[in-house]
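Just so it is clear, A, B, C and D label the chains in written order, and each chain counts residues from 1 on its own.
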Amino acid sequence: MNILFVGDVVGSAGRRLLLRLLPELREQHDATFVVVNGENVAGGVGITPKIADELFAHGVDVITLGNHTYRQRAIYPYLDRHDAILRPANFLKSQPGHGHCVVERAGVRLGVVNLSGNLFLKAGRPAFAEADAALHALRGRVDHVLVDMHAEATSEKVAIGWHLDGRVTAVVGTHTHVPTADARVLPGGTAYITDVGMTGARGGVIGVKKELAIESLVTQMPVRFEPSEDDPWLMGVVISGTSPLRADRIEQLLVPAPAGFR
Amino acid sequence: MNILFVGDVVGSAGRRLLLRLLPELREQHDATFVVVNGENVAGGVGITPKIADELFAHGVDVITLGNHTYRQRAIYPYLDRHDAILRPANFLKSQPGHGHCVVERAGVRLGVVNLSGNLFLKAGRPAFAEADAALHALRGRVDHVLVDMHAEATSEKVAIGWHLDGRVTAVVGTHTHVPTADARVLPGGTAYITDVGMTGARGGVIGVKKELAIESLVTQMPVRFEPSEDDPWLMGVVISGTSPLRADRIEQLLVPAPAGFR
Amino acid sequence: MNILFVGDVVGSAGRRLLLRLLPELREQHDATFVVVNGENVAGGVGITPKIADELFAHGVDVITLGNHTYRQRAIYPYLDRHDAILRPANFLKSQPGHGHCVVERAGVRLGVVNLSGNLFLKAGRPAFAEADAALHALRGRVDHVLVDMHAEATSEKVAIGWHLDGRVTAVVGTHTHVPTADARVLPGGTAYITDVGMTGARGGVIGVKKELAIESLVTQMPVRFEPSEDDPWLMGVVISGTSPLRADRIEQLLVPAPAGFR
Amino acid sequence: MNILFVGDVVGSAGRRLLLRLLPELREQHDATFVVVNGENVAGGVGITPKIADELFAHGVDVITLGNHTYRQRAIYPYLDRHDAILRPANFLKSQPGHGHCVVERAGVRLGVVNLSGNLFLKAGRPAFAEADAALHALRGRVDHVLVDMHAEATSEKVAIGWHLDGRVTAVVGTHTHVPTADARVLPGGTAYITDVGMTGARGGVIGVKKELAIESLVTQMPVRFEPSEDDPWLMGVVISGTSPLRADRIEQLLVPAPAGFR
């Protein structure tokens, strides 16, 4: 069983690169499942039903989200109607959508849980308790579990990795848009990485046109951000597991756009 | 010219590992300069004169700091008296210490600048303007410049990398204690990495005993943190440059404690 | 039915002034109930069992708390054992203590609910939902309800006033240590004030010695705060109600220490 | 010499009420100067040249602003061209506008300084140092000085009051939109109030339609705020002084809209 997880897809460049590379990555890594964080796919903020449909049509099995979940109003009913698109489980129960799901491919059942950090981010309920609750809800219904912890602070992410070590197949972090160099299988058998990075323009500032991001920080004036198109990369990980709820391996993917990509 | 830069040294385990590995790393990488972020070296928070003296005595050329600079009161006068220990340049001018220095080794003059991010961290003045001011102050007095941007938000760190690209030899990020997988020489010739990581116990939560960090997040109660000793690693980068203010190469170092290390 | 509510009692000066003035205020306002916010009573941060016992012994009926609840470890078991001391109801259920209680005096049953804001303050669960849950739990068991909303942001406090208008006798704000000039009975019959202020040294900075508070802000260096003793005032409100869950009147009390008070 | 200072004017209801009441308040209080915080006057966020012109045309002498200064792009050049409209002095020097001015009426020269808090608000430079710098710049050029400290935290506001006590005529706080009950002349002769409150719809939540503010807090979903028109009040203070840089008196004004106001 192999899971290809792809970090925050940012804007048009990120989306196009994902769709372009997906077939070969899937084949190359013999991916049983493809899970993608899509919180920045609609022009940099949020996701629309049309884009979500497009991702599913191209073979994405589960879409996770994060702090930008509710930036596009059209997605609200879609989040309730579609099982395989997740928003952080520790948002309020009353907010549109849900935080975990189960998908089955090739006879393997994968549970996916989406969480939001509580430091520097607004999430109505605590991540750690909700992680435990989600695992309880999935018990007996899954062969593997992948957790996407969408968070700013490394402390929360590393801690939830240890907290879930030996209880889930993988804990992957998202949100900072910068890949970390700490992918490994923890002693209890859980694959872990603090941040998968983004799928978007590495020539920008975490996906935003670099001139605009710098202007904002230098001038401290309001600046309207636009997604960069400069030097897109796909960033992800492949997690492989043979025993239930355990990983054998986690491999980091940092793939530049192919020559001539537009 | 080669600079060995070592990320936030955390507690006793980090300090001992640094001192243990320094001779061989220095030789192996033919390090002209050794620069170390020491903001967590005294029991996890701050630095003392005794420890700073020890680091200098073992061949560290420059010590940089960060948000924990002022946790140990004994260091205040030391910061004013010693040229080669830096606190972020964009702290208030009235705060103890200074934010840049020049050291010379083997006929090469290295300027080092320490900055603090302004997002989620308390720094009295803006990092970007102070970076420009420090470079202005160093003009004509240095062959190379290394900038340690101690910051939480990836946006600030990536942006300052681009802002300084082509004007300094290297911009290295610190503070999150997790190494990033984005080390590279930017198009203008500046070596860049978002975070070098820490030198401390990878078996903890960014250096803290993992049971304590998890307890704090799960219970939301006050917990007294202690540095972990579990599975120490040294994390750093080596930057090599031949032309003034330009890097040829940046290499990431992720080195576990040798067998039998205690 | 009259409720005397006294704002955050700060340090020794605040505690002594409260105990000094309590008998005459109780008589003067014919107070059926005395409710006191005690989150700063132990040297400025938190409360101890000994001080809580002392307040109860002097006729305080209910003690409410806030963000400083857990600063004194000795209070943890006390919070679980004593019904009439409250910490914010929207802390985690697993944290020591509880967030509402009922006390009966002169045949009148008063429910008291303690809440924490979620903006700029750390509270594990949302205030608004928990307010509704607490009222549900009190239904049929009380004649009157007083809510202490301990919060920084005026938006949250004004909003919860409107949210509960017509459903409780009074919503009083605490935490900023500065009394507001907006006490009134809202159209639905709920007495409201954004902040009651503190009972402590008005000659300080919200209870802290003013030289220390100014030094901290001017120098941006760590400063150990001590409670001020300069010019203590008692700040509170008296809420009067004759119909169940409705207030007729809210009167603001701003009372300087009597001449010769020490 | 009397200064009428009016707190944050919010939206159309606030602006219309201000213009309606200004003539009689000016006469009633024999106001030498009228200073108005206008950061929310354009639909709740920011100010436009047209509205600023209208305020000046109706006899406002100085307009102060705050964290919403740059929400309306059209005001940027206006801030540079017009002396009597201020943005916080401790914003970056490079940001449009300036932070202090001097106006003369009836032979009296009034300096006005606008500051922003540094806690919970984004201001590029520290308020306390900039306050000192502004007073230095005004030395010898003014008979009286009024400081508008636009800040969230009561600690910063009370502290700057004490810091400037005896050096300026008045320190008035703005931003929270709720008037405080602590107006007084400090021992050194400086009139002080932590917050003047707002001029806008008291039937809303700090000026916003109450249904929208409550919806936002209850649902934690994005909500587009609109200014309330319900129950507008003018909130301000009148400061009177006869000796240079000293106040004799500060009087709080809390004035409901007259019957039939629309």
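One rule holds in what follows: a contact is a pair of C-beta atoms (placed from the backbone, for glycine too) under 8 Å apart; a residue touches a chain by one contact, two chains touch by 3 or more.
This one's a predicted model, so the numbers in the text were calculated from it and none came from an experiment.
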Could you run down the chains that neighbour subunit A and subunit B together?
C, D
In whole angstrom, what separates the CA-based centres of subunit B and subunit D?
43
Could you check subunit D for residues that touch two or more other chains and list them?
92, 124, 126, 129, 220
If each chain is a node and each touching pair an edge, is that a line, ring, star, complete or other?
complete
Could you pull out which subunit A residues touch subunit C in their complex?
92, 124-126, 129
Quick check on the complex: what are the subunit C residues that touch subunit B?
70-71, 91-92, 94-96, 122, 124, 219-222
Can you check the complex and tell me which residues of subunit D touch subunit C?
120, 126-129, 152-156, 158-160, 162-163, 176-182, 194-195, 197, 202, 205-206, 208, 210, 213-214, 217-218, 220, 252, 254
